[in-house]
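Please go over the structures that come below.
One chain, chain A, appears in both complexes that follow, with chain B as partner in the first and chain C in the second.
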Partner chain A sequence: MAVAAAPAQPAAAARAHPVARLIRRRLAIGVVTLFLVSVVVFLATEVLPGNAAYAILGHNATPVRVRALEVALHLNRGVLGQYWSWVSGLFTGNPGHSLVNGQPVWGYVEPRIINSAVLVFVVGAIGALAGVALGAVAALRKDGWLDHVTSVIALAVTSLPEFVVAIALVIVLSTVIWHVLPAVSLLAPGSYAWSQPELLVLPAATLVIVIVPYILRMMRAAMVEALESDYVEMARLKGVPEWRVVLVHALPNAIAPTIQVIGLNFLYLAGGVVVVEYVFNFPGIGQGLVSAVSDRDIPVIQFIVLVLAAFYVVMNIITDVIALLATPRRRIAR
Partner chain B sequence: MSHSEAPQAEAEAGRPKARLEVAGLEVRLGRSGPDVVREVTFAVRAGEVLGLVGESGSGKTTVALALLGHARRGLCITAGQVLLDGADLLALSPRDLRAARGARVSYVPQDPSSALNPALPVGAQVREVLRVHSRTAGAAGDRVAEVMGEVRLDPPPEMLRRDPHQLSGGQQQRIALAMAFAGRPSLIVLDEPTTGLDVSTQRHVLDTVRSLCRSHGVAAVYVSHDLAVVSDLVSEVAVMYAGRVVEIGPVARVLGEPVHPYTRGLVGAVPSPERAEALAGIDGQQPRPGRRGPGCPFAARCGHAIADCATQVPEPVTVAGRAVRCLRAQGIQATQPERLPLVPGPPAAAGGPALLVRGVTASYGHRLALAGVSLEVPPRACVAVVGESGSGKTTLARCVAGLHGNWTGEITFRGRPLARVARRRDKDTLGRVQYVFQNPYTSLNPRKTIGQIIGQQLEELTSVSRRDRADRAADVLNDVSLAPDVLSSYPDQLSGGERQRVAIARALAVNPDLLICDEVTSSLDVSVQAIIVELLRRIQRERQFAMIFITHNLALVRSIAQTAVVLRRGEVAESGPVEQILGHPADPYTQRLMQDVPRLRPSRTHRPPGPRPA
Partner chain C sequence: MAVDAPAAPAAQPGQTRRIRRPQWGTLLSATRTPRGAIGLGLASLVVLVAVVGPLVAPNSPDALVTLAFGKPSGEFPLGGDSLGRDVLSRVLDGGRALLVMATCATALGVAGGAAAGVSAAYLRGVSDGIIMRAVDVILSFPQLVFALLLLSLLGPKLWLITIAVGVSHGPQVARVLRSATLDLSERDFVKAAELQGMRPVKVMWKEILPNLVSPLMVEAGLRLTYSIVIIAGLAFLGFGQPPPAASWGTMINENRDGLSLDPWAVIVPALLIALLTIGTNTFTDAFARVAIGVDRRPDEAALIEDLSQGLGE
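Then we have the complex of A and B:
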């Protein structure tokens, strides 16, 4: 009896909760990452040919005017000094001024961050739900018509770049066939996307179409595996009704690996919005980045890249935490 | 079996009616494909256990699942009846069948670690079986507490909230038993529930099953490939081969004095912890469904086969108190198969030990796996290392082979200290110490042919020229009784036993002085295990190398080793000559291990009254 009854000691109980430990460690790594990104971004924009003063005044500017502007922009300080004034500005809520129009960067970027965030989270939520649901149903009806249709469409869509999907949607819904939705998402500067929700539809639809196949395929594979597992067979042999076998036994185990893919797709969205926002002229962070690059508006570029990096760091932590919580084997160390 | 009226019917006259009656059960691949099992007929009375035994692939699990009206993907139950208290489970609607599962008939899986849902606390999984059969939450909670006591798992309430991975293997199997007994079923089907458990844990689980079946009048079907376990537990036994029941009757008859040549082969292959005996395996393989041909499916492997066996399917006949499907049944003496005592090998040769292990301490991270282990392997001798899982057996072997580097102490091979890890050892040393792994399904590269696998070994560790490698490989395959045409096969074209022979041939190809065999038979059928053990013993005698034979199966030790080392939690509990360690263990731990080893002793179970067969 001694061997059989000796309880497995919950060894982790004495130490910090593994989730708390993971968050702490990841946050520390995230801060280091952001610091490195800030250095790289700063140096990269520094080594670009010419400096901000030339960029503003153009190549025909007189040396006197350039010198004066350099002093005004603190470009005469050393590299370290410039980096310091930039970073300390970030911490005090003043990421500088746009070189193009002299407006504060924050005022220019803030509504764009909100707009992009709305787009990303609308797309992420719809895409995750649709992908999980379609994947689960495809697995339940494995080799049925729905399974075949979704897998063919998923394969086709994953082989198309997002701007092709976007243009196809524009052709079908805005120009050639129907005219039900606006082809471009023009918004007054500084206004928010939800004031005209119809402008969100096409960019969101494009991104949903792009991310759903990945989530669907992962979910289908995980669900097929779960449905073939010993514990699902055991549940059926216990007389558990089929709906309960699916919802209580198979689904939670299939979702755990899918969460990682959903998280990866959120990360993709942070980059995917750049192209799609540009195609639809949607006033978000991606479109802002593209126009800042073409204008050589260095403070805006620096700030937006940092924001995107921070999003990556935070999303990674959130994904790992959720995945950990969804996997009991890992949740509590043996 | 349907035709076994005479003696059994008489014996049953005064006894309670059967709780489970299975008649003419047939399962096919697809609706009309080849049969996987057919003409399976047996009965079990309340409170009794029927053992269903046979090699892997004989259809045991298929029958077990069919008793719950379940067939795995691709299989169909195409004929037969499963009468439980007189009502046919196979005739039920899906809805009624669902209501019966878990309530009237329940199942205990082979591997609870994969059959328990990793995402649900174990208490919820036990409670579920009650809740889906419409017990109120309160009543279910009471019953869960009660059944936990019945399976002798006296948990602090918080254990029910644990996830499966937080329990030991024995605890997991008790949870599975609790799920099965919770609904107070009439029939319980146990599918190899103790495979993979340590002998002591296995003993507790078996005791629990036995007492629960008796005290609650449950009929049980116990599927196992382990005849020793079955002989301890059951009252009747059915031996399956190629989807049919080839011999069925009281356990004392079937396992004590088997008649069917297959049963005789199985019984002869079971190692004895008491006596040093040569093991006799059964050569060849079971024909797969669809390739069973006309005639008796065992004929090709049978020493008693006559011409008719190849063409005529034997019908069951009653011989000496049991039913047998064999044309030669009348001509075979119902006796315990004779076993040859082992001829003791030559005395250990003089000279220094082949391997000397002194005070080896090893750990994985912060967990100590070995604490100061010492042992000595004389040249040309075999040392058995035994102990429960987690006792450090494999770690010790990995340290010697240089596969685990985190150890301190001294390992001396042929008088010279061995480098800590394999990559610091020279080719000569690597070739002289060879390792055969536990699982032949994962130890051979699936992308290489057997010829390439052995050829690579020769290329890396010897100077055999490219041209001679194929010949050399064919030679060692011949040594392990494999034909040279295996050279061009891939591992997945071979059976488990054949793969393990290939793994042994790979080790032998470089003429080792020390062969480390790490649980090499634990994933094989007992009939194949006997062949592998005999093979190792013969080759060791011929080639005169030293051997470390790691096993959790104490019964095997006498058949191969001269010295035994008992490990307990990383320390040597006891070591010495095999006769002394197994015959007169001094350490309480060894005594308990020996006591818990299941023994093939059908004669100890009660015998039904009646004249003894001639």
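Then we have the complex of A and C:
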């Protein structure tokens, strides 16, 4: 709609803050999505057939216990009232209490969020650097042996489930062949990942192996395109040294589209941490989710799923905004 | 890349001739490329193991016949598992449910996603807005997390896992098919059908869908790979067939404590899952190159296209 409206407006008004307008619009969509996500999370755990209290306690539970649990879960109120007490709890920093041990959900989840965040950002940074570097080299050596090898390995690795990669690393590095790294990341409850960095190595390595192929493929394609472009040809004809052509002319233009794929991989990590943390018993949010689902600890499930979804929505917005800023022609109002 | 492909669905705008060639030719030529042949070979091998396996298994998969994590021997070539059951028999028995569930979840997700994506693009307006907002909401959950959310209340029922995985595929399929339909619905043959008074549902079914067979098949291949990954992953996490049933994902988790005693109890099921997903993904890649001539995965391409459309507005 903005496309049709823009030419009608005075040029100055249309150019006022096109980037700011796009970002505002993107944020508004994000807020609406987050609201709908919270409704889905809430309804999925409340409206599914069967009372949640019976689902947790089993069908031969005593009425007294069912009643007590209904009160704990606010099931004795109407659906709107339940939703309201849950959401207002989230905003006041009180997402409820665990059904398993009665501890506050926040106290259980908070150290896990930090551990997972450390894992995700370590993996994202290493993965992005490795993917961009390998992709650029593959493009420079297009159709060479390195290009063919990385392309075949990338296709194979993108097919593999994370837990297969993780198990392969455990077999090679910590049990059957060598014993150089711990197979499980046993941390004292409530302690943080950076206190024992060696425990981060295998979970991080698994996730890096999983995300690098996607970034590599995108970077290679974008770099090949950039190297065959007219401006690179022009630079070469002017006698610009080759290293400068690659680093100053081709690379920055190839990185712009790759940023979006790096963003997509951060999104992937929100789900990828679940299995990998479980494999290594890494005390993060994903492992917390798996054990909460096993125990049917609904308040914990609701909160962790909402945190992961919020991360997803926010990362999506950040990716869009960075892509917008990295691609100058999109900044101009059309 | 694959310029001489027999069927090229991306016809020029304004071209009135419909491309409705049977897709079997494309499938066949995909199997003749090296990648296609390797992919099909690997996947068929694993399917063969899963289908024929239960018939030739030497022992009952549930019988305690050897030592826990017993070393491989002549009678038990892959050794014993965590409880002393025959690993070979459990491997041979453990693939069927995964294959059936992954196939059903893929069919559900591709059919539902295609219906949503095609109607959103063809009907436009309010339907498009509602469908795409719903897509955004489901896309905000990582697929595995979405499945876990649904499983958390009803417990790990096999039908529920299948439906949850199918539903989590829907939005991605819908996005890809929506952008494909947006191009198609401006073509002359669609306009001609509309002018003849054909009802929208019939236009979508008779005129648009037949021209989307190639992207649909690529999507089906990708979703099949992801279904296998997610369903095997859920089994690995303990949300699959209840014990004592054998399944490859569960076996990896049950037997990893004994990795240093009998690594085969973990390596063989992991290898079978890996060969299966590499097989389906490689074949899909070969098919996509022949049928659409893309070097980039269609889901990535559609996502990026979608992002730029959203930003360009």
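Brief remarks on what is shown
The criterion applied here is as follows: the second predicted complex is superposed on the first by the 297 of 334 C-alpha atoms of A that agree within 3 Å, B and C clash if a C-alpha of one lies under 4 Å from a C-alpha of the other, contacts with A are read in each partner's own complex, and residues count from 1 in each chain.
Throughout what follows, a residue touches a chain if its C-beta (ideal position, glycine included) is under 8 Å from a C-beta of that chain, and two chains touch if they have at least 3 such contacts.
Just so it is clear, the structure is predicted and the values come from calculations on it, not from any experiment.
Applying the stated contact rule after C-alpha superposition, one finds that A:Tyr278 touches chain C and leaves chain B untouched. When the two structures are aligned on the shared chain, A:Arg112 is found in touch with neither chain B nor chain C.
Using the contact criterion defined above for the overlaid structures, shared-chain residue A:Met234 touches chain B, although it does not reach chain C. Taking chain B and chain C in turn and counting the residues of chain A each one touches, the greater count comes from C.
Contact with chain B, but none with chain C, is seen for A:Pro252 once the two complexes are overlaid on the shared chain. By the touch criterion defined above, A:His97 lies against neither chain B nor chain C after alignment on the C-alpha atoms of chain A.
When the shared chain is aligned, chain B comes close enough to touch A:Arg244, but chain C does not. In the superposed model, A:Thr158 lies in contact with chain C only, and not with chain B.
Across the two superposed structures, the residue set of chain A contacted by chain B and also by chain C is 1, 3, 334.
Interface of chain C with chain A (complex): residues 133, 136-145, 148-155, 225, 228-229, 232-233, 236-239, 249, 252, 256, 259-260, 263, 266-267, 270, 273-274, 277-278, 280-282, 285, 295-296, 300, 303-304, 307-308, 310-313. Those residues of chain B whose C-beta lies close enough to touch chain A in the complex are 65, 68, 70, 72-73, 98-103, 106-107, 109, 111, 114-120, 128-129, 132-133, 152-156, 159, 162-163, 165-168, 170-171, 174, 179, 198, 200-201, 204-205, 388.
Put simply, chain A touches chain C in their complex at residues 1-3, 22, 25-26, 29, 32-34, 36-37, 40-41, 44-45, 48-50, 52, 55, 155-156, 158-164, 167-168, 170-171, 175-176, 183, 214, 217-218, 221, 257, 260-261, 264, 267-268, 270-272, 274-275, 278, 289-290, 292-294, 296, 298, 301, 305, 308-309, 312-313, 316, 319-320, 323-324, 330, 334.
Chain A makes touch with chain B in their complex at residues 1, 3-8, 10, 228-231, 233-241, 244, 248-249, 252-253, 256, 326-329, 331-332, 334.
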